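As written, the chains take the letters A, B, C and D, and residue 1 is the first residue of each chain.
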Amino acid sequence: MKLSAYRIATNTLRTTRILSVKTESPTVRTFTFKDRQCANAKPGQFLMLWIPGVDEIPLSILDAKENGIISVAIKKVGEATQALHNKKVGEIIGIRGPFGNSFTLKEGRILMVSGGTGTAPMLFLSKKLASRVTRLISVIGAKTRDELLFMNGMKKTVDKEKTQIIATTEDGSYGIKGLATTPVERLLEKEKFDMIYTCGPEQMMRKVFDLAEKYGVALEASLERLMRCAVGLCGSCVIGGYCVCKEGPVFTAEQLREVKNEFGVSKRDFDGRKIPLE
Amino acid sequence: MKLSAYRIATNTLRTTRILSVKTESPTVRTFTFKDRQCANAKPGQFLMLWIPGVDEIPLSILDAKENGIISVAIKKVGEATQALHNKKVGEIIGIRGPFGNSFTLKEGRILMVSGGTGTAPMLFLSKKLASRVTRLISVIGAKTRDELLFMNGMKKTVDKEKTQIIATTEDGSYGIKGLATTPVERLLEKEKFDMIYTCGPEQMMRKVFDLAEKYGVALEASLERLMRCAVGLCGSCVIGGYCVCKEGPVFTAEQLREVKNEFGVSKRDFDGRKIPLE
Amino acid sequence: MRLANPTMLASGILGLSAESLGNIVKGGAGAIVTKSVGLKPRKGYSNPTIVQTSCGLINAVGLPNPGINEFVKEIREAKNFNVPLIVSVYGFSAEEYAKVAKKAVDAGADAVELNVSCPHVRETGSEIGQNPEVLAEVVRKVKASVPKPVLVKLSPNVTDMVEIAEVATEAGADALTAINTVKAIAIDPETAMPILSNKIGGLSGTAIKPIAIRCVYEIYEHVKVPIIGCGGITNWQDAVEFILAGATAIQIGTAIAQKGPSVFKAVTRGINAYLKRKGFKSVNEIVGLSHRN
Amino acid sequence: MRLANPTMLASGILGLSAESLGNIVKGGAGAIVTKSVGLKPRKGYSNPTIVQTSCGLINAVGLPNPGINEFVKEIREAKNFNVPLIVSVYGFSAEEYAKVAKKAVDAGADAVELNVSCPHVRETGSEIGQNPEVLAEVVRKVKASVPKPVLVKLSPNVTDMVEIAEVATEAGADALTAINTVKAIAIDPETAMPILSNKIGGLSGTAIKPIAIRCVYEIYEHVKVPIIGCGGITNWQDAVEFILAGATAIQIGTAIAQKGPSVFKAVTRGINAYLKRKGFKSVNEIVGLSHRN
């Protein structure tokens, strides 16, 4: 256990202004802002974003440039995210982080499976992987065509020879009809992968995990749990014996095996009770 | 005003053990101990020495080696210094510091005038000056022969060609009979000096200062005042507008001119009242 | 109740799930204290619930917990670790404290710690611990309903620690924990807003250590029951300082964010090395030693 | 009493000599507060009187001062600096407070600040400020004997800040200073000894800032008189935080050890830049702004 893993210097709240807002889909917007402390954030890490007077919520880092320009993709699902969507360039938000571990950067043949805003860290990851991979297949799922996120970003990132992007929509309005998991088994049957990265709805990730286990492929999944402190104190984010904020949010297949009875099954509610994943 | 002047990192109290005790005279003993934070202390700087359960007192640093071996010379004058004299090798003391400014390191022709334990910083200073001076006269005063301090140390420090040590005793038992100031006017008449350094009883320093003014020689004197905080907060050590703990203990002739009506005349007592120097 | 070592987990830190408590035991804690549990489930406050200051944390989590009826599952699981399990209890009345304490003990708790010192939830916590009459009633009711040791966790936000400590012990407290967090606030200059959703919270961590040790020091001379020191402990020196002030054992909370659960092992090792170096055989020999003159 | 800027020297910092106070004025302070002065000379405690902690200082200097009869010399000299001069006053009875205050005002003090909050001297300081009846009597007696503003400096070592603040203002306080130091101790592990000769002292500096701001925040909604914020202020952000919590002016003490007297200029500049950037014309517009919702 390295001491550095427990540094909490980045836990100080600082305020910053929204530099740009971009509508990515009917429910998702990306926001950029400047924050030096996140400049070296890694794919998979998250930050706590304070919407003054409203809430503070965990968000995966979509991109972190060396000059400290940081972006996040936010899906409107409730009060906090709605309030954020209403924010304009120049308005003040607060930032803590970056928090948590990150995806390992594998070489070789890579499969990514993501759904919803789970594609955000995947895009970030694919940028860091670009030079190292020999093959990268990215399966991106959404309910409908206009909710498919970062297709263009992903295309631009890695060179066309090596990369293949597979879209799935539940209504079939684009790409393969079905869930993001639909093409995965076929891919695993056909090809050998060195690593599967996955981020998105937990039931989706659970399916991908089960398939990875079946086909014996290494996997890393980024989990979501209720976050309060984000520094491993309050215990709201636990899954099994792990704090998702600190020992996660990225978990390996080995770790997921340990928490099999919770992963994709249940989470802890605001009052700490275990409740089924909706 | 440089920020570094206001660093208080060395203000943390640490405890250490007495490594050696040496009797220098019937009333003075030198103590050594290890303290990393004082390793780079400069001549003129002082530390606060805690005698657990008794008191904490300011002491000039007599020597500071790079390996952190520090020494101080302590004259038995009251409860705290008596308690220290009773301490043996291995006993625990506390240290804060180093505090205050230091003597500037001049080149050329130097005159030192010291009395009592005021010779301690002079010895330390002469070590640092050794390689830079062309001439060094050190006048060391005491009541009697056996109270003359660091004569040998001083002799060893700078090479014989350049150095002259003049001892004075009030009873005439060694060297010149009289006060340390006795030979000073004669010296100033005869020779030109680039700097006078002085440390010792304040009335002595005041006389040296008056002579230096008369002969137009630069001077630095190390003052003593009641010390409590040693970091420029409590105000017990003030002379004029200066905190001796922070802007001193070493003062230049220019500064001493500003506080002429206090220097060698009065000090502040434990209750902050101005009282005449005894 | 015997501890393998004098370090304990502080309440509210990773204390809502048995598995997390298990990690703390693996980290070397001599005893574990759960998050404070009440009669009914509570969601706690909305975020921000925690904010860092220069040398501490302010939290106003708002006592989220699933309620004792749900929590007994975790108690049953956590009692299998081979260290004493202390369930922290709060209530909105003396009866509630007693009910929750009883259920906790029935489920296997080795002791209960009464949270009469949480500074950010109304009508419980420090509102009880600051009021001698109410405090005495709470302690008496709990004592009457559980056959296990009752620890009372004191608030530093009082005029007279000694008075409160005496009230608690006279009412039957078997031990005192000192201290809970110090009432504090943080305001963001850019938005001119208190940062915590509850505005006021409790300060923990290094900043409060000298205050916490003073509380232990003050009450040590006036009570006979063991005192458990808590507040800003990060290393063995801090722990020894508490013990010399009068603590028999110590609790660690905030430092876990920086040092992880192994902080308990590190602190225990440091205390043991200190005892050995100084020629003492056990922690008991140095409890309150700073009062010797 | 008008201040050139909202920064003031805190009592007890370099405040025993007019010349030192002059340096603080040169450093940019908008007002100066002297060391607390009593009726008779006091030598204070023997050393150690100060000890540094990780993020603050604990002091128990013991109110050394030459007594008001001697101190009037310094008052007469210090009143020549062109900023308000506030003399801090303590006493061992209401009569003493009143006598000292009168002599201070007669010598030229623009206001007095009643130290009813020093945590380390018996029968004065916080022993007065923690007791509503005694406090009210002290404030009333002083008010009756001086025609100048009377500030009351509050102790954080109380169960209910609001109660004490209300008692002080009802008794006639023209302004409240919050806060004095927080009762604390430091013990040295190697010698097992409390370090300060008085054992218990008062914690100041960064560590107490969130506590001090909370005190200001709590009392702001309950009193109409101006509040002067004090405790751990090092930079303009800290100062603004106090002002947003409800302070009309602020005092700086411990930070002078690191930053020197020019800390007052730096903080004032920072506050002004902040006001300008935010489109405010004066500090008054942002006093208590964090209470807006």
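Rule of thumb we're sticking to: a contact is a pair of C-beta atoms (placed from the backbone, for glycine too) under 8 Å apart; a residue touches a chain by one contact, two chains touch by 3 or more.
Note that the structure is a prediction, hence the values are computed from the model and not measured.
Chemist: Which neighbours do chain A and chain B have in common?
Modeler: none
Chemist: Find the chain most remote from chain D, comparing centres computed as mean CA coordinates.
Modeler: Chain A.
Chemist: Which whole number of Å gives the spacing of the CA centres of chain A and chain C?
Modeler: 36
Chemist: Please compute the C-alpha centroid of chain A, do the same for chain D, then give the distance between them in whole Å.
Modeler: Taking the mean C-alpha position of each chain, the two centres sit 51 Å apart.
Chemist: What's the distance between the Cα centroids of chain C and chain D, rounded to whole Å?
Modeler: The answer is 33 Å.
Chemist: Quick check: what residues of chain C touch more than one other chain, meaning two or more?
Modeler: 193, 293
Chemist: Can you pull out the residues of chain B that are in contact with at least two other chains?
Modeler: 53, in rising order.
Chemist: Assign the assembly's chain-to-chain touch graph to one of these shapes: line, ring, star, complete, other.
Modeler: Graph shape here is a line: each chain touches the next, no loop.
Chemist: Between which chains is there touch?
Modeler: A-C, B-D, C-D
Chemist: Using the touch definition from the top, list the residues of chain C that touch chain A in their complex.
Modeler: Per the stated touch rule, the residues are 12-17, 19-20, 22-23, 35, 41-44, 46-52, 57, 59, 61, 64-67, 70, 188, 190-191, 193, 195, 197, 253-254, 256-260, 262.
Chemist: Taking the touch rule as given, give the residues of chain C at its contact with chain D in the complex, in rising order.
Modeler: 53-56, 58, 130, 157-160, 182-187, 189, 192-194, 199-200, 203, 206-211, 213-214, 217-218, 237, 240-241, 244-245, 274, 286, 289-290, 292-293
Chemist: Write out the stretch or stretches of chain A touching chain C in their complex.
Modeler: Residues 1, 3, 5-8, 11-13, 15, 48, 50, 52-53, 55-57, 92, 94, 96, 227-236, 238, 240-241, 243, 268-273.
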